[in-house]
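The structures considered in this document are given below.
Below are two complexes that have chain A in common, paired first with chain B and then with chain C.
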Partner chain A sequence: MSTRRLIVEPRGLASTRLKLLVPVASVIAALIVAGIFLLLTGESPVEVYAKMLDASFGSQRGIAETMISATPLILTGVAAAIAFKMQVWNIGGEGQFLMGAIFSAGIAIWLGDGFPATVMIPAVVIAGGLGGAFWAAVSAIPRVYLGTNEIITTLMLNFIAINFVNFLIFGSSSPWRDSAVATFPTGRPIPDAARLPEFFFRLDVGIFIAIVLAIIAWYLMGKTRWGFAVRVAGDSTDTARYAGISVPRKILGVFLLSGAFAGFAGGLFVSGPVGALDPRSLILNLGFTGIIVAALARLNLIAIIPVAVLMGALNNSGPALQSIGVPTATVSMLQGAILLFAVAGEFLIENRIRRPESVTVAANPEPETA
Partner chain B sequence: MNDSQLVLTLVAAIGLGTPLIFATVGEIITERSGILNLGVQGMMLIGAVSGFWATFTTGSLLLGVIVAVIAGAALSWLHAFTSVTLRVNQIVSGLALAIFGTGLASFLGRAGSNPLVGNPSRKVFEPLITGGIAEWPVVGPLIFGHDILVYLSIIVAGVASYYLFHTRMGLSLRAVGEDPASAESAGVNVSRVRYIHVMVGGALAGAGGAYFSLALTPTWQDDPIGAAGWIAIALVILASWRPWRAVFAAYLFGAAERVQFTLQTLGDPWSNIPSTLLAMLPFILAIIAMIVLTSGKRARLLGAPAALAIPYFREQR
Partner chain C sequence: MSTSNGEPLAVELRNVDKAFYGVKANDNVSFELARGEVHALLGENGAGKSTLCSILAGLYRPDAGEMWFEGKPALFKTPKDALAAGVGMVYQHFRLVSNLTVAENLALGHHDQGVRLDQKELARAAEELGERYDLAVDPTARIWQLSVGEQQRVEILKLLYRDAKILILDEPTAVLTPQEGQALFKTMRQLAGEGRSIIFVSHKLDEVKQVSDRVTVLRNGKTVGGVATKDADARELARMMVGRDLELPTRSASAPPGEVMFSVSDVRVLSDRGLEAVRGVSFEVRAGEIVGIAGVSGNGQRELAQGLVGLRRLTAGRVEIDGEDVTSDTVLERIDKGLAYVPQSRLGMGLAPGLTTEENLALKAFRRPPYSRGRTLVASAFRDEGARQIEQYDIRGVRPGLPIRLLSGGNLQKALLAREVELEPKVLILRSPTRGLDVGATEAVRNQILAEGVRGTAVLLISEDLDELMALADRLLVIYEGEIVGEMQTEEATSERLGLLMAGQRVEESA
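Showing the complex of A and B:
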C-alpha cells in the first residue's frame, strides 16, 4: 500500500452531514449511470426523469399513488434493517411478504362477512405479521439451533412462496381463488370490512399504520433493554456472552420480528390497495426493494420512511415511462444502481482517505471502534 | 426407444442443466477465493442479453458467447471492486448486482427504436452430430446428441476441478479463501487473486446466460432464464464447492425442472399434479440440502471456504 498515492484508514465516527451526503450522492450517481444508458439508447434522460417526477409527484393523484407504493416498502425496509443490524442476513423479505399476504387474505376470507371493521382490520394486520414470522421461522430455527446459514434458505423460501401463491390462485381451487370468475383465475375479494378505509384518492390508512409500526420498531430497537441487548449481540457475540445475553434467543427474536414486519407489509397491501390474494398485484419484488430501502437509509429505522417514499415514487413511475416508449425496466436498473452506489458509499463513511504527506504517527491505525 | 419419456427427460435435463453448470462452476471458483457473489442472476441475464445482441447483429454464435463472457466478467468487476477494494458488505453488493443486472438486461432488450424483444435469434446452437451415432438407442441422444456448449460445460468443470486441486495457482486460490492473512505472508497477492476469480465467475455466469438466449429459449424476452442464477447459488452448496459435483447437481436440477413437462405427457393421475407445486421442487431440495449438509461444523468439513464473505483487511493481520 505504501507505494500508492492515497492512504485509507478507518474513520472513528462519521459526521451526520457525511451520513446524509453519501445516500444523496448515491441517488445522483445512479441517475447519472442510468442517464448514460438512456442516452446510448436514444432517449433524453432529462425528459425521462421529468416524466418520472411528474408521474409520482406532479399531481395529487400521483402523490397518493406514490404513498400507496411506499407503504409496503416502509415495512419491508424495516424488516431488512432490523435483521441486518444484528448481522442476520434475512433476504427472504419477498417470501415473508407473500406469506403475510396469504395469511391475511386467508383470515379475512375465513371470517367472512358479519364482523365489523374493528375486528377485521386488526385481524388481517396481525395475521400478516404471523404469516411473515412463520415463514422467517423456517430459516430462523435451523439458523439458531443447527447453525444453518440463513442467506440461502431465506433466498430459496422466496421462490417457494412465489410458487405457492401461484398454486393457490392458478394451480388449485383453493379458498383464496375467486370461484365466481371462471375465465381467468383471480384472487377472491376479501370482505369489505377487512379493507382499509381510503381517504385521499386511492390512498388508504395503511400508510399511517406502516409509519406507526416503523416508529414502534425504532423504539423497540433503540430505546428498550431488549433492543440494547440485541445491538450488543449484533456488534459482538463475545461481548454479549460476557454480559450474560443469550445470543441465540436474540437472533431468533430479531429474525422473527423481521419476518413479521415483511408480513405486515403483505397484510396491509392485501387489505389496502389490492383487496385479494392476486399474484400479479402482489409479486412486485417489494421484499427485495425493501433491502434497497434499508441500505439507502443506512439501517436507520426513521430514515426508512422518506427513503421508502422515494423508492415508491420510482416504482410508481414505471407505467408512465411505458406511455412515452421508455422501458419500465429503467426503474429496476435505477434501483439496482442506487443500491450499488449506496453499499459502495459505506466505504466513504467508514474510512478516511487522505494524502500521505501528513503521515506521522498513523502508520499503524488503531483498530476500528464499533 | 429414443422417443421414450425417460430418454427425452434425461436429454432435456442435460440441456437445462448446462447453463447451471457454467454458473455454478463460476460461483464455486469465486467462493473458493473467499468472496460470495449473490449477483449470479444479474450476471447471467447480462450475458444472455449481450450474447443475444451480438449474435443478432453479427450472425456469429462464437461472437455471441465471447461478448456474453466479457459482459458477465465486466459486471462482476463491480462486485470485486466493492468487496475486495472497498471491503463493504458482500451480501448487499451481490444483491445490488442481481437487481441492477436484471433491470439493465430487461432495459437493453426493450430500449431503442428497434428493440430486441420478441425477436428470434439469427443463429441457434444446434447438435454437433446428427444421424449416425446420435441415432443409436439411448446413448445416441444422451451422449452424442448435444450442441458444443454442453460438452464445453463439462470440460469447464473438469478444467476447474484440475485447476483447483492440482495446480499451484489453485492451491493459492484455496489458501486465499481459507486464510487470506497466511496466504499473504506466503507471498500471494490476495486482492489480485480475488479480483481474477470473481471475474472468472462472472465470465462463466455470462456464458450460462448466453446458453439460455442462444440455445434453450432463443427468442429474446424480458426474463429468459427463470431463477437459474439463484438456483446456481444453491447448487454451489449441493456440490460442496467441488466443480465435478456441480455437473451432477446441475443435471439433477435440470431434471427437476423438466419433470413438470414430463408429467403432463404421462396422463392421469400424473398430469394432475400442479406445475406450480413442481416448480418449488428445486428450491425445496436446496433448503433440505442446506440444512442436512451444511449445518454447524459440517459446512467446514464439506469444503466451505473459511473466509467466505469476510472482508480482508491487510493491516489487521
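Showing the complex of A and C:
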C-alpha cells in the first residue's frame, strides 16, 4: 500500500517577499473570480475593470476622490489592527466611527460660529476620538471586568449606533438635524471654521491627519514601553502576568485606543467631505471595511495606508459602474472576495505545502533477509 | 522474519521515517520486539522514542518504511486499529476522563458490549485484573480522586481489559515515587511472563538495567544499536545515548551559606478548584544556598511557586525577601525586589512564544535602561544586549525576526534562565528546570544554577527529578499534599528515604 498525500507543515519564518506576494496574489485571485461572475452575468470583466481603474485613478479628480475614500479607511483599518494584535476582537469600528461622527458634529454645532479654525478643527478631531473611545468603553469595561464577549457586544453596539444616528436626524428634532430644511431631514451643516481645508479638488487635509495618526499608532505599538507590554500581553496573557504586566489595563487601553481611531475617522469624515451628521453620507460600512483593510495589511500599521487607498479606489469606483449598467454591489463582491483570499493566503504564509518524498508503507510483500 | 526459535516477532519496524515540520523525528529506524520480552527504548528527549511508539500505537503514520505485526505486513491507521490488533499505549499524559469512574473509563471506546453498561460486571473485571497484576484501584472511584500513580494503573488496566498483547509504556516512571516504580516493574515482569510484550520507554539507565531484557538505543531519530540488557554496560549505553562521555555537573562542597535571604512562613494557597493546595508551608533559604523541594507532581508545587512569586493570592502566611515583607506585593514589585522565577511551562508562561528571542530576553527588564529611555524603547539595546546574551548563554538557532517558539526546548530554557539570571536576583525559584531537556542543555542549565548559588543567590529548586535535586541542592525538603513532610541535608538523603516521604509516609527519625 502506498500513500500519496500532500504534506502541510508550518513554515517557521516566512520571507518578506512572500508576505508581500500573498496579499498581491489575493487581490489578483479575487479579480479573476469576480471576473468569472461578471462573465456569467454577461458583462465584460475587462471593460468593467478598465472603467473602475479609470474612475479611481484615471483623472486628477478621480485620484482626489479615491484619497477621500481612503482617509477614513486608514483610521478604521488602524482601529481594527491594533485591537486584533492584542487579540481584542473589536468589530465595532462601524459604531465607534458613527459615535465619533456624532461627537464631532455635536461639538462643532455646540461651539457654533464664534471660534477660529485653529480651535474648531482640533476640537472636532479630538471629539471624534473621544466619541469612538466612549463607544468602545461600553464593550471594553464589561469585557475586562466581567469577561463578556466583545465580539458580540461590539457587533450589537454597531446597530445601536446606526439607529441612534438615524434617530438624531430622522426621528427627532435634535440639534444635529438641519431645522432649515423642511422637505427631507438632513444633518445640520457644521460651521465653516470646523471644516477641513480642501487643497486638491475635493480632497482635504484629513488625509494627512489620518497618515500622521497611523504613524503615531505604529510608533506607540512598536517603539514604546507601553506598546511592548501590549505585544507581550497580546501574545500570551499568562506570560504577561508572569512578567508583571497588568493585562486588564492593557486590554482596556488598547480597546479604547482602537475605538478612538475609529472615532477619529468619523470626526475627519464629518469635518471633511460630509460637513454634517448625515446618515446617507456616513453609513457606508467604513468601519466594517476597516476590518478588511487590517486583514489585508496583515495588521501592519504602515501597510494599512496603501491598502486603504486600494479599498478607497474600489469604493470610489462603485458609482461609476452604474453608468455602464453594472450594479454597485460588484464592488462589495470584490471586497469580499479579496478578504476571503487574503485570509486563505494567510494559511500559505504560515504553512508550506509540499509533496511527500516517495512514500511506501509496508509495500514489500517479500521480506528481505536482514 | 522470525526469531531463532522460529516464532514470529511480535512487531517489527523496518527503515521507518517520520518527519515533523521538516525535522526527521525518526530517520531510517528499525526495531524488533519479541514475544514475552520487556524491551527498553532508551534515548534522550527528542531522540524519537515517543514518535516511534506513536507509530506503533497507530497515532502517527510513518512517511516511509515498513511495519510488520506478528509476521505479517501491517499498518495501523488509527489507535483503534492498533488496539484491535492488540497494541496499546500508555501515554505520558493520561487519556482518562476525570469525571468518570475507573470502571467507566475501562469501558470507553469499547463498543462490542451492547447498549447497556454493566457497571457491576465492569467493576468485577477491574477488580479481578487489578488483583491478578498487582494494580489495585477502587473501580468505583472517579479518576480525579486518584493519585497520579493510581491513574497510571487505570491506564494499564484499560489495556489489559482489552487484552492487549503489546503494551507501550512511555516514560511511566516519570510520575512515580521510587517505590511505585518498583511495583510497576514487578507487574511488567509478570505481564512479560505471560507472553505479552512490553516496550518500556525511559532515559534512566538504572531502570533500564533493572527491568528490561533487551535495549534499543535511539539518538537524533536514528537507531544507534540494540543489545541484550545483560550484556550491556551502563557506561556504554550512556555513550550510545548521548554520543560522547558525559558527566553531569553536581555541586561541590559548598561555601557556608550567608544571611537568610528568602523566608516563607505558614504559607497557604488555594488551587484552581478552590481547595487548599499549600497547607502551611514554612522554610528559609540563605544567600548562596540551594534548597530543593522534592515531591510527586501535583502535591502543591505549582500553587506554592505561583504563590511565592505573586501570581496566586496567599490565603495566609508571610513571604520575605532579604528581610523585607513582600506578602502583599504585586508580581512586578517582587521582580523589582530581586525575585526571579523559572516556571515549569516555558512557552506557556516563561516566554512570549510569538516574540523574538531578543524581545524575550528583555521581557522583564524592558522597563529600565538600557532597554528603554523614559517611555521609549531603545532598539539598539534590544539588538546588542540580545546578541551578547545569545552568545554568552549559548542560545542556538536564533535568526532575526524568528519567533522564539521555534527554538528547541534546551535553547528555550537557556534563554529563559539567561533572562532571569541577568536580573541578578536575590532569590531564584525554579520549577523542574531540566525537564524534557537533552543532556547537553541539562548540563548548561545545571551549571547556571550552581553558578547562581556561588554568586550568592538564594535558590529554591522545586523538582520531581530526584537525581537533579540530589546533584544540585544543599538541603532537601519533601512536599506531600501541600505540606512539608521532611527535611534533610542532601548528604543524608537516599532515594528510598525521599521516596517514602514523597508517598506520604512519615519516617521515624532515628536520632
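A few points about this structure:
Definition applied: the second predicted complex is superposed on the first by the 353 of 370 C-alpha atoms of A that agree within 3 Å, B and C clash if a C-alpha of one lies under 4 Å from a C-alpha of the other, contacts with A are read in each partner's own complex, and residues count from 1 in each chain.
The rule is short, and it goes like this: contacts are C-beta pairs under 8 Å (C-beta built on N, C-alpha and C of every residue); 3 or more make two chains touch, one makes a residue touch a chain.
Keep in mind that this is a model prediction, so the values were computed, not measured.
When the two complexes are overlaid on their common chain A, residue A:115 makes contact with neither chain B nor chain C. Of the two partner chains placed around the shared chain by superposition, neither chain B nor chain C is touched by A:49. Contact with chain B, but none with chain C, is seen for A:153 once the two complexes are overlaid on the shared chain.
When both complexes are overlaid on chain A, the residue A:231 reaches chain C alone and has no touch with chain B. Using the contact criterion defined above for the overlaid structures, shared-chain residue A:201 touches neither chain B nor chain C, since it reaches no partner. Within the superposed three-chain model, A:332 lies in touch with chain B and out of touch with chain C [touch as defined at top].
Of the two partners chain B and chain C, more chain A residues are in touch with B.
Contact with chain B, but none with chain C, is seen for A:164 once the two complexes are overlaid on the shared chain.
On chain A, the patch touched by chain B and the patch touched by chain C overlap at residues 1, 364-365, 367.
Taken in their complex, chain A has these residues touching chain B: 1, 37-38, 41-43, 84, 89, 91, 138, 142, 146-149, 151-153, 155-157, 159-160, 163-164, 166-167, 170-172, 288, 291-292, 295, 326-327, 329-337, 339-340, 342-344, 346-347, 364-365, 367. The touching residues of chain A, when paired with chain C in their complex, are 1, 3, 9-10, 12-13, 223-229, 231-232, 235-236, 238-245, 356-365, 367, 369-370.
Note for the complex: chain C touches chain A at residues 1, 20-22, 61-68, 73-75, 309, 311, 330-333, 335, 341, 343, 345, 348-355, 359, 362-364, 366-367, 372, 375-377, 379, 399, 401-403, 406. Contacts from chain B toward chain A in the complex involve residues 36, 38, 42, 78, 81-82, 86-89, 91-93, 95-113, 222, 227, 230, 233-234, 237, 274-277, 279-280, 283-284, 286-287, 290-291, 294-297, 299, 314-316.
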